[in-house]
Structure formats: structure tokens, C-alpha cells
Amino acid sequence: MSAPKKVVLAYSGGLDTSIILKWLQTEYGCEVVTFTADLGQGEELEPAREKAVMLGIKPENIYIEDIREEFVRDFVFPMFRANALYEGLYLLGTSIARPLISKRLVEIAAETGADAVSHGATGKGNDQVRFELAAYALNPDIKVIAPWREWDLSSRTKLLDFAEKNQIPIAKDKRGEAPFSVDANLLHTSSEGKVLEDPAQEAPDYVYQRTVHPEDAPDTPEMVEITFEKGDAVAINGEAMSPAAILTKLNELGGKHGVGRLDLVENRFVGMKSRGIYETPGGTVLLEAHRGIEQITLDSGAGHLKDSIMPRYAELIYNGFWYSPEREMMQALIDKSQEHVTGTVRLKLYKGSVNTVARWSDHSLYSEAHVTFEEDAGAYDQKDAQGFIQLNALRLKLLAARNRRLKG
Amino acid sequence: MSAPKKVVLAYSGGLDTSIILKWLQTEYGCEVVTFTADLGQGEELEPAREKAVMLGIKPENIYIEDIREEFVRDFVFPMFRANALYEGLYLLGTSIARPLISKRLVEIAAETGADAVSHGATGKGNDQVRFELAAYALNPDIKVIAPWREWDLSSRTKLLDFAEKNQIPIAKDKRGEAPFSVDANLLHTSSEGKVLEDPAQEAPDYVYQRTVHPEDAPDTPEMVEITFEKGDAVAINGEAMSPAAILTKLNELGGKHGVGRLDLVENRFVGMKSRGIYETPGGTVLLEAHRGIEQITLDSGAGHLKDSIMPRYAELIYNGFWYSPEREMMQALIDKSQEHVTGTVRLKLYKGSVNTVARWSDHSLYSEAHVTFEEDAGAYDQKDAQGFIQLNALRLKLLAARNRRLKG
Amino acid sequence: MSAPKKVVLAYSGGLDTSIILKWLQTEYGCEVVTFTADLGQGEELEPAREKAVMLGIKPENIYIEDIREEFVRDFVFPMFRANALYEGLYLLGTSIARPLISKRLVEIAAETGADAVSHGATGKGNDQVRFELAAYALNPDIKVIAPWREWDLSSRTKLLDFAEKNQIPIAKDKRGEAPFSVDANLLHTSSEGKVLEDPAQEAPDYVYQRTVHPEDAPDTPEMVEITFEKGDAVAINGEAMSPAAILTKLNELGGKHGVGRLDLVENRFVGMKSRGIYETPGGTVLLEAHRGIEQITLDSGAGHLKDSIMPRYAELIYNGFWYSPEREMMQALIDKSQEHVTGTVRLKLYKGSVNTVARWSDHSLYSEAHVTFEEDAGAYDQKDAQGFIQLNALRLKLLAARNRRLKG
Amino acid sequence: MSAPKKVVLAYSGGLDTSIILKWLQTEYGCEVVTFTADLGQGEELEPAREKAVMLGIKPENIYIEDIREEFVRDFVFPMFRANALYEGLYLLGTSIARPLISKRLVEIAAETGADAVSHGATGKGNDQVRFELAAYALNPDIKVIAPWREWDLSSRTKLLDFAEKNQIPIAKDKRGEAPFSVDANLLHTSSEGKVLEDPAQEAPDYVYQRTVHPEDAPDTPEMVEITFEKGDAVAINGEAMSPAAILTKLNELGGKHGVGRLDLVENRFVGMKSRGIYETPGGTVLLEAHRGIEQITLDSGAGHLKDSIMPRYAELIYNGFWYSPEREMMQALIDKSQEHVTGTVRLKLYKGSVNTVARWSDHSLYSEAHVTFEEDAGAYDQKDAQGFIQLNALRLKLLAARNRRLKG
């Protein structure tokens, strides 16, 4: 790979990406464009601008954007239509944000005439894969610089030395190392590394940031009603909201009741297991609600097909293949199923749990006339079950007869 | 079908199966053998014997058996190795008991020279299918009598009239109809029908029988440690126990903390949706624990394969195909994966929730050396990620180049 | 089911459906509307009109239609986009025609105010299921009359007696029974029953109707070029044609070279095995060609996903679930994949075989620059393979290390 | 990776692996052990011994083995139980041989105290992945040397110079480059590269080595009967034979009739498409026969499950994951299904085609009594189909009613 001339960097304004910024300037002598996004991580963005300016970035090369609505509308919601869970439990909070960041990096590269993009993910994790697969899928000629795989700043000491030498200000609390590493966006907060590395040790209480401890949650349950249209949440307790506003509100509700914590050992795409602590309060509520509305509005054939491809869909997103033909094909299948996933679910939040307690819809397929224990008016003829069972049993009988014949 | 001569009836001792018993005698003039099993439903069995005698069953035709160990060892545990959930949520508590009952019915038929078996399931539900598919798979020539699909005792009044006419004693509380219908065994209690038929109405508190309301559960969390060997739980808090004892103990723990409630609208095999309230305290704890131990002992390739076939496996059990070649093939696949699923999980039970908080095992595949944020000693070369990403990206780049070529 | 008042009958003009026509009139005293379709079965339709008139059907109640284009465009082609094969071998020639017939029956019922439809399929086969599931999916209130399951004309003699008594003319060659049963349309001819019932006996030569014996095919191979656009064939040897014209031409070519014969024992949906002789000359050529063009235009992720769902898709069509949410969801997935399946394939036809020998496309993803054995100009860095293999191997190494640790 | 001390090389005796042998000696100064295997590639092995001696390999370091029986019994046959086809068409002839070679390399390394193994596969293909994944799965600490990814002998000229400088004899016909590259073993011959690189150009006739041109095949068809036991072929035309003898005989028969040619553009695991010409005469016959015997002995539930996982199983083998938990899990599933796949198939070979024409078995599930068009004696009650259809239709009716309700 020839040296990059102009690089768009995913820039948080923090110490690590500031070091990367400076390293790109010094290592490659290249112009740097910074992209700082509000994905709902809960941090001010303006300090990032100031810091970029201070590090010599030209004002026209500083991009700061609020992309929360796009994030929820075009990434989170489509994924939730699938009830996606990686390895049965993980709501993919980090995975789903990466392709959007790459998309903007590549778009800004096109706007600014940059030939490369750069990110601050390490060489051991999934995020490097997600950033880079998305970037290459959107621009096959883009260069991707992953400093953590290239440089020799491989210890905390070396990093701090580099920062000092290059006059990058170091906040006091950054001199020592953080006891664990955090990623956050509107969907979740994840924590991993350091004090969390031994999966036989319980995670310390101080790790949790977005949810109260269930023991500290209110002693009274709270009910919430979520309304869906074509598979997407559109209102809470009857109030219509934008996608990002919905997720923000659900985070507030879920967080207050200690909902959405997960202590997981998962399999990374790069081949090793890792342990993470996830907090996905709003997402956990949303998944439960989406399942609840699907229960009455989705046909069994449709639902079972969705269930059967979900693990592969989730794996694709986890592995970074959002922008791949197979993810888009599955999305077409999933979206097709959501045409009638419209209606309202009532849920109960209480000390770490969220449970569907009621659901209703004009699009409901539930038929009391068919299921009732009461004498019914002919909606269903119980005698049909006889033939249904006989024909389903036929091959089993033929098998049993064959086995008996061979034995006897 | 010619008339049966001798019928083995799945007999609970309750009013409905007593009516069936008498109806079989009068309708077909046939000899009846009763089979009453302790599957952990929590009812005395001896009253069933007395009642059978009273209804004219010969002592040698009365079978009363405790089959709890076989139930958990050969049915529940194999199913839990798969982390089976029907439609994402249901732990299959009723489904998994039916094939065992049918197996004993068919075996007793062989022992007693009976040519038919009979059950008390209605023509609208799944249980008729499960009973009958299992029976036919085990004996292709067996006759199955399903009185609810045949007789004209289609209302409560007619049933009671028939009972009175045939001197079947009717307990006072059975004169009126129960407000909902219940099935119970060591794995779960399910409730459905009547007051539960409208899925937009919350289930009344009095429906729950096996779990305390989360609000009434202890204010202090309780920790429990479950030890697995080859995918099956073998000890609780360090104490080795039999399969049924394990499940009994987990039911006690889960029930005390309000764990394992589920309000679900599901798709029946016979084509309609129905709403059920399930309580599976021990099973819910067991599933969480099994997932916890798999997280560190199961390889990702193995785990993802299991995840991808699980929905179909669960559907097979739900639909009554326990005794089918395809369920047995899947079981072979699942069991093969469990060779190293050995180790211990610590869980926290609190007011309706159960969560893994720690897990350890001699069979662990988790490698701190590979995952650590600390400088590592060469277990993993971050530069390898470069090639890994480039080759995974290659097809995406070729796609992007093709699309660009066609557009430009 | 209450008695039908007006019935739309799928009417071939042959003896069996003429008997059904009369039986409907006499059994139910109802008005009959006949629907006779040209699906490419190779029979004149006007004799059916004459016969219907003769049997007392009012002219305005006689529907005769050429639906070959709709058949190929909306049913055959979408199915071929999936490379659908039932049980690895069967091209679904009968299965795919049934839903279209039902669709027209239901539409004509709406136009004519009929409350029922009727078909001539027996109670043992798949076709009854396909006709009826499609009809119910399109009109949940429609009645379906399946005379073969209802009447007592269960022997050839009884049928002929009924025909004579009702003055239905019987062609001389119909007095004796045909040695096997045939279904034909533009996609295939299938033969089954009677002389074909023993799968250990080779099918007699006279069974084949649409293809020459490979031994009698020309001694010189013939090349044919098929051009595709978005997954559908649009031209043969450079000549653009309509869907039905394409299939007609391919039938001619394939038939001449003895291509597309299949002797199969398959599993019916109703539970038993049956043996069929299928001739699908054009379809066999089309499948080979479609695979050929996908080889260069379809990405591996897309192709492998298609392959993995194909068996289920084929099973749905075989079982009669064309009009089901899950088939439509899969179709959305498949169609999404075909956007770039555009280009031309050259095939060689010779004495029973058809083989792709060349393919080219502007949409090709094949890159000689990447694959070449020659020294390349940097399109691919072989060193990347090192990292790719290392990370793919990581979990296998961790497994091997675990196993060694436990043993040693 | 530290330098290897002793390397076991997969050595063919040809020019390329002789160069590798010498390069390993000179580059690393390490001792080399050669492993030359008879996998049925049709070459003499003793010349390899002489050449190894000449290149300075100690006699005790020269391993020459006939592993054809192990190859067919433990690799080819298990794979054929699955009817494995990669991308719908490829019989995996190269893929299935690699893990066995790696297994012996690793075993010989253990026997000889070697710390590394080496192979002659390039950095662009699948074989490097297959060799190395298998090696690492069997010994996580083994070193693998892939000279083609390391050295700078990247052109024909440089290779020949190296050979001359190191006194490696060069056969006259090796001075110029071969017009394409070949891999062969008892299952197949594959050809790729050079003259085959353009998929729009037909493969020249001279590429084919193991099969006659269909046009040159006998004008008279030949019948062959293959007998299976538990899924594996055990006899041809009634004569019992060893696995390797079976495949050898089928190669002879298939090759004589021009059966088993394939011109394919496939997707390599490393991300690019490549074009190969495959000749798999015996394997093509075997696959057809295995499908034929499964048709009558395998239950539909079992068969459909096998079909649905086959693409993933084939992909695993293609990608080099033979020694992986998921392949072994699938094998357990597949093997479980083959218990009754016992019986005989008659096939017709003729000018490039092989077709099943008859099959019979004591284990047959085919029931003429059930399927017959003749009046049957009650094996099947056509009225059962009514209920079967009604319950299968129920959800489709509920869907249609819902959609009508919303529209009207």
C-alpha cells in the first residue's frame, strides 16, 4: 500500500484518537480530516472540535455530526425487525454502529478528496473488521489505516511519551490506565478488558454505567405501552416519537428499572473468546415488545422462517458484513415479513426484568373463535385433527413397520 | 378402525379422565388399563388407584409409576443440551412430557396385550398430536382413542350428566368450570383457556401456582452454583444430585425468587394461535446456566451450528416428533457438541431474574493470554488481522468494483 | 360444509373431469362453471368447450384460456431463480402449475358469483393439497369440492357405469385403463402409477413422451447460448423471446437431445413414497444455464445463502405453499440476489446431457487479475493468506490445546 | 515464528516440491523428512524415493505410503453419505484429500521429532488453507512452512535458476511451463490455470485426462449395480470389494463412458472466483447411486434435514474445516441417518450420463400398498387428507381473512 495523502479519521476527541491523529500527521506527513459523530454515546462533541483545532486540523476538515436518527432508523430498527441476538444473548450494540461510522468516513473521504480512512480499533478485536469491511464494501479503492496494528506504541508508557512529546494534553484521570474499556452509543454501553478479563470473577458494581442495580430500582413495577408499525416502534404510551427519541425514552425507562444487563463470554470473529458486560436497557425492552407484537400479528410460517435465519443474520452483523449481499438478502426477507407487524404491547418493568403482559392489534391473527375452550360455532372441526395426525404419522408408521420387519 | 378390545388409558384420577374411562367401557365394551404417572405434577397418585378400583378396573390393570428420573434424564436434559426454545421463548414443558407418557402407554399395551391406547387431550390442541405421533412411531399397529374428537359430550353440562349417570363422583369444586386449564410436571406448569383467552388482558394474579410474584420475592439476591458434566447438570452448590433432584431443587430456588414466568401467544401445530401462561422456574435457571457454561467450553463453530438448528429442533419437539429420525439425527449432532461442556456457573436469582455472573471450567477455551489488553507474550500477532480482513474483504471489493464499473 | 350452489371446475375435457362435472350437477344440483387452461400440455382446448356445452354448461360459464405466458413469467421463472430442486433432483414441474390454476379458479368464482371450486386430484397425492391450500390462501371462505375423496366411484367399472348412465361419451381408448397416469404442462411431463409402481423395475420405453431416447438423439452435439437478465432467460442464440417462447424453444432443443429425464422415488407431502418418471427437457437446460451465469455474476455470500435455503423453498412449493408468507419472504431474498445475474451461457447438448462450456457477462465478478497463475501486478498479496489462515486456525488451535491439556 | 529445526514435507518427487525441499535445506538449514503418498493419483512413487535420496534425504527420513484405503474409507465415503456438493456441482475431490495428507504430516512429525511441516500450495488457493487448518487442529504447536508465500522465486525463470544452481534435475518437458495445473487422486482430476483462465473460452479437449469424450464413448449403454450397506458402497455387480477397489472400479466404468466432467467457476475461500475442469467419474456414479438408494430407504424427515445442512457441510470441507467440531457434529447427524441406507441400485452409463433406473432393498420404506392407483385394502384412508389439508390451511385462511378485513 502506498502512503496515504489525506486521511479521514474517526475522532472522539479523547486521548487515544488524538495520539492517532498526531501519529498520522507525523508518520505519513498527510493531511487529516476528523469525523466526530454523536451516536448517543452521551459525550459533548464540541470539545472534540476544539482539540482538533488545537492539533492543527483546518476548520473545513473538522466534521461533527449528530447521526442518532440515521443510526436508529436505518441500522438499529432494521436489525430489531429480525429479533437479532448473537450467540443467543447479545444485542449487537457495538456491531451495529460500526458500519454507519464507516459509511460517513467513506462519504467524507469522497467529499474532501481523501484517499484513506483511519480508526482507533485494536488488532485483536472485532471492530477493526467491522470498520474495514464496511469501508472496502463502499469504496474498493479506499486505504484503511489501523494504527494499532502498525505502530510500536504498544504500551501505556510509550503512548504517554508520544503524547507528551507531541504536546497532546493528557487529562489527569488518563495518566493511569482505566480499569476497563468502554464503548457506548444510543443502543448500549459495553465494558471489557482489565478487571473484567477473568470470567470466573464477578463484574464489580462500578462497571455499570447506564442501568441502576436491580436492587436499587423502584420497588413498584412500571407499565409501558409501545406501539409498532410495520415492525418498527413508533410510539410510547400513545405518544408518537422519532426513532432516536423512542430509543432514548426506552433507555431512560429500562435504565431506571435495571433492565438490560448482560455478563457474556462471546466468540470474537478473530478467533478468541472475550468477556463483556453489556447494558442495553432500551434495546432489551424493545426486543421483548417486538416479540410480543409479532406473537399476534406474524404467521407461524413467517415467524419460524425468521427464527431459523436469525442466528446467521446476527452473526453477519457481528462479523462486520452489514454491507454484504447476503445481509441485504436476509433483510429483504425480514422486511417482507413485517408488513403487518403493527399494534401495541404492554410491558411490565421491574427490578431488572421486562415482560410482555398484554398485546393487541387490528392486524392480529389471533382468533378466539378458533382457540376457545367454549363450545364454538363451527370455526374449527375437531375431526379434522384425526386426518391431520394420520397423515403426519404415516411416515413414522412406515418406519416403525420397517424396523419391526427387519428385527422379526 | 375396528373397535378396540383392550385400552391403556393415560389416567390422572381426575373427573375428565374418569369420564373417559367410563366412556371407553360403555362405548366400546372394552377392558381398560389405567396408567397414572408421577411426572412431578405435584399430585398424590394413590387416590387415582382408589378411583380406578371404584370404576371397576382390575388391580393388575392399574399401573402407577414414578417416572420423574427417566423424564428428566432422558427427555428434559437432552433437550436442554440444545438450549431449545420454541418461538424464541417457550421452554417446551408440556411438549417434552408427552412422548414419555406415550412410550409407557405403548409398553404397557404390549405387556397387557392391549390393542389400543387413549388420552384425554382435545381435538384443538397440540397434545393429541404429540401423544399419537409418539404412539404410532413406537407401534405402527396401535389404535389410539381420542374421546374428545369422537364423543358428543361437548359441553360441561353433558359431561356432568354423563358422570352422574355413571356414578362418577364429582368433587364440589368441579361442578363449576375451572377458570382456566392447567398442565403440570416437574419442568413446568402451564395455564390456558377461559380467563386467559384474550391476549390483550393481563393474566390474573391467581393464575400463577409455582412461582411467587416477583414483587413478593425476597429483597436479597441469592447466588447458586450449578455444575455440569458433558452438558448435563450434576450438582448444585457443590452437592451432587440425581437429574430429578436437580430439577426439583432448581424449581424450589427459582420459584422462591419469582423466576421463569412467561406470558406467551404461540402458534399451535394445528394452525391457530393460543395464549399460555407458563411457569418454568427450574428450567429457566437451567437454561441460563447451560448457556453460561457453554460460553467458555464450546467452540464458536460448534455453538453457531447448534444455534442455527435449534429452532427446528424445538419445533420438532413442540409438534410431537420426538420419536422421529430427524430429531434423533439432531440429537446426535447436539450430543456430540457436549463432550466438553463441563464446569460450573454461578448465577444470581433476584425478583424474577436469573443471571450468570461467573463461570469456570477445566475444559475452558477462554484464553486470557489471547484476549488481554495487556501487552501479551506473543500468543497473538495483531498483524495477522491485516491479512484476515483483506481476504474477507476481497469479494466485497470485487462487488463494489463491479457496481462502480457498471455505473460509471 | 353446506352444499355448494355454484362450482368452478378445473376441466380438461377428458373423461374423468367430465364425470366430475356431471357428478357435481347430480350430487349437489349446482351450477357448474368450467375452466380449461392451456398451460402448454400440448392438447387442443376447443374440444373441451364442445364437450362442456354438450354436458349442459352455459356458454358464459365456459372459460378457456391460454395462460402459458403468465405460467412461465410469474411461476416458473421466479422458481428457477432459486435453482429449486426437490430432494436434490426434481424440478417441480407439476407443483408449480397448481397454484396458478387455483388462482384462476378463485378469480373466476369471484367473477361468476360461485361459492366453490373443484378439482380432479385424488386423495392420495400432493395435488389435492396444492390446489386447496392455494384456494384457501386466496379466498378463506371458498368451498373446495374434491370428488375423489367424497364419492363412491372408486373403481374403473363404477366410473364407466356412471359415465354411461349419464351419457358421457367414452373414447374407445379410454375403456381400458391407461397403463400409467400423466400430467403435462410447458415445464414437464410426469408419469406415474400402474406399470411404474415397482421402483425395482425399469420404466418401459413407451412411458417417455417428450424426449427422445438418448440413444436415438443426434450423434453430433449442439451448442446453444442462453442470455439472462436479472436471473431470467431473455434470449436464445441471441434472439429475444417471451418467457413461454423461451421455454418452448428449450423444450424442443432439450427434447431432441434426450435431455431432462428423471426416474425418481420421492416423498409425498401426504406421507408415502411414490415413483415418478419426469421429462423436463427445457427446464433441465435452463437450470444448468442459470447456474452457469450465477457462477460468474453472483457473489459467494449470496450464492451460499441461496443454496442453504433452497431445499426449504423447494419443499414449500412441492407441498403446496406457494401462496404463503414464508415462500414470499424467500422469494424476496432470492429476487434480491438476482439483480446482477445478467449475461450469456453457452451449453452443449448431447445424448441426454447438457453442460455449461462457457459464460460471459458485463456483470462478471470473475477477476483474471486476482486468480492468475502468472505473476500479477499486485491485485492480491499472497502474504495476506498467512494472517487469514492464522485467525481462522486460532479457535482450532485453542481446541487442540484444550484437548491436549486434559489428556496429558 | 522461530526457525524450524526439522520439517516434514509433502513431497511428490516433482520439480516444484524438489525445489521446496532444497529451499528448506538452504533457507533454514533444517533437516527435511519427505512424505510421499499414493492417494490414487496414478503416479509411481519409487522415483520420488530416488530423488529424495539424491537430494540428500536420509533413508529413515523418507516416508512413502499407500493410503488409498484410508482415503476412501475415512474421508471419501463419509463425505458421500452426505451427498455433498459444493456450490451445487463440485464433488470436492481436492478438498477431501488435503486433511488426510496433513494428518500424516503431523503424525510423521511426532514420530520423527520434527517441529514443522511444509507443503507446496500457493498463497492464492484453497489448498494452503486446508493443509494448514488441518495441521493446526491436530497439533496446535506445529509450525507450517508455506514456501510459496515466503520466498522470492515468484517466476518460472527464478525457479529454474534456483533448480539449476542447486543441481535439481529438470525433466525436458518441465522447462517450458505446463499449459495448466493438475491435481489428481483416486476421487478426481482437477485442472486449472493458464489456458483455462478465461471462463468464456471452452476448455480444450486435451485438458481431459481421466474420462473419454462422451462422443468417443461406447455407443451402447452399460448397466452397473452398486450395493450399499449403511450408506457406503460395498459391492459392484454383486462382487464385494474394499472401498478403494470400489472407487477404482467406478472410475474405470465412469471414465469409459465419459461420465463426471464438470466445467465450473467456483468461489474460493480466499475470496476470488476461479475456473476449474473436474473429472470425477467414479464419484459421479457413486453420488447418483447413493441418492438412488436413499430414495427408498431414507425417511423424508431425515432426507430433508440432510439436504438442508448439506450446503454448509460441503462448504466446511471446501474451506478446510474437516477437523472442526462443527464438521464432526454434522457427520454424527449424517451417519445417524445412514443406519438403514442398505440395498442395491441399478444405473445406466451412456455417453456422459449416469442415471438410476431401478433400486431395491430389504430396508425399503416404499409401500406399494399405500401408493397404488389400484383399489387398496385400507392401507390409506383418503378421507384423512381432508383433515390434513384443513389444518394445514388454517393459518393461510386466517391470514387471508386478516388481509380482507383490513382492506374492506
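Brief remarks on what is shown
Each chain carries a letter (A, B, C and D) given by its place in the written order, and its residues are counted from 1.
As a working rule, contacts are C-beta pairs under 8 Å (C-beta built on N, C-alpha and C of every residue); 3 or more make two chains touch, one makes a residue touch a chain.
Just so we're on the same page, UniProt names per chain: A, B, C, D = Argininosuccinate synthase.
What you see is a predicted model; the values in this text were computed from it and never measured.
For the self-contact between chain A and chain D, the two sides draw on mostly identical residue numbers; the shared fraction is above half.
Contact count check for A-B and A-C (C-beta pairs in contact): higher for A-B. Chain C has its Cα centroid 42 Å from the Cα centroid of chain A.
Per-chain Cα centroids separate chain A from chain B by 31 Å. Counting partner chains per residue, chain B shows two or more touched chains at residues 267, 270-272, 299-301, 304, 312, 321, 324-325, 365, 367, 370, 380, 383-386, 388, 391-395, 398-399.
Residue ranges on chain A touching chain D, taken from their complex, read 299-301, 340, 362-365, 367, 370, 380-381, 383-388, 390-392, 394-395, 398-399, 402, 406. Residues of chain A touching chain C in their complex: 267, 270-272, 299, 301-302, 304-306, 309, 312, 321, 324-326, 328-330, 332-337, 391-395, 398. By the touch criterion given at the top, residues 83, 87-89, 122-124, 128-129, 132-133, 136-140, 146, 148-149, 154-155, 181, 193-194, 197-203, 214-215, 219, 221, 261-268, 270-275, 291, 295-296, 299-300, 303-304, 307-308, 310-312, 315, 320-321, 323-325, 346, 350-353, 355-360, 365-368, 370-373, 375, 380, 382-386, 388-389, 392-393, 396-401, 404 of chain A touch chain B in their complex.
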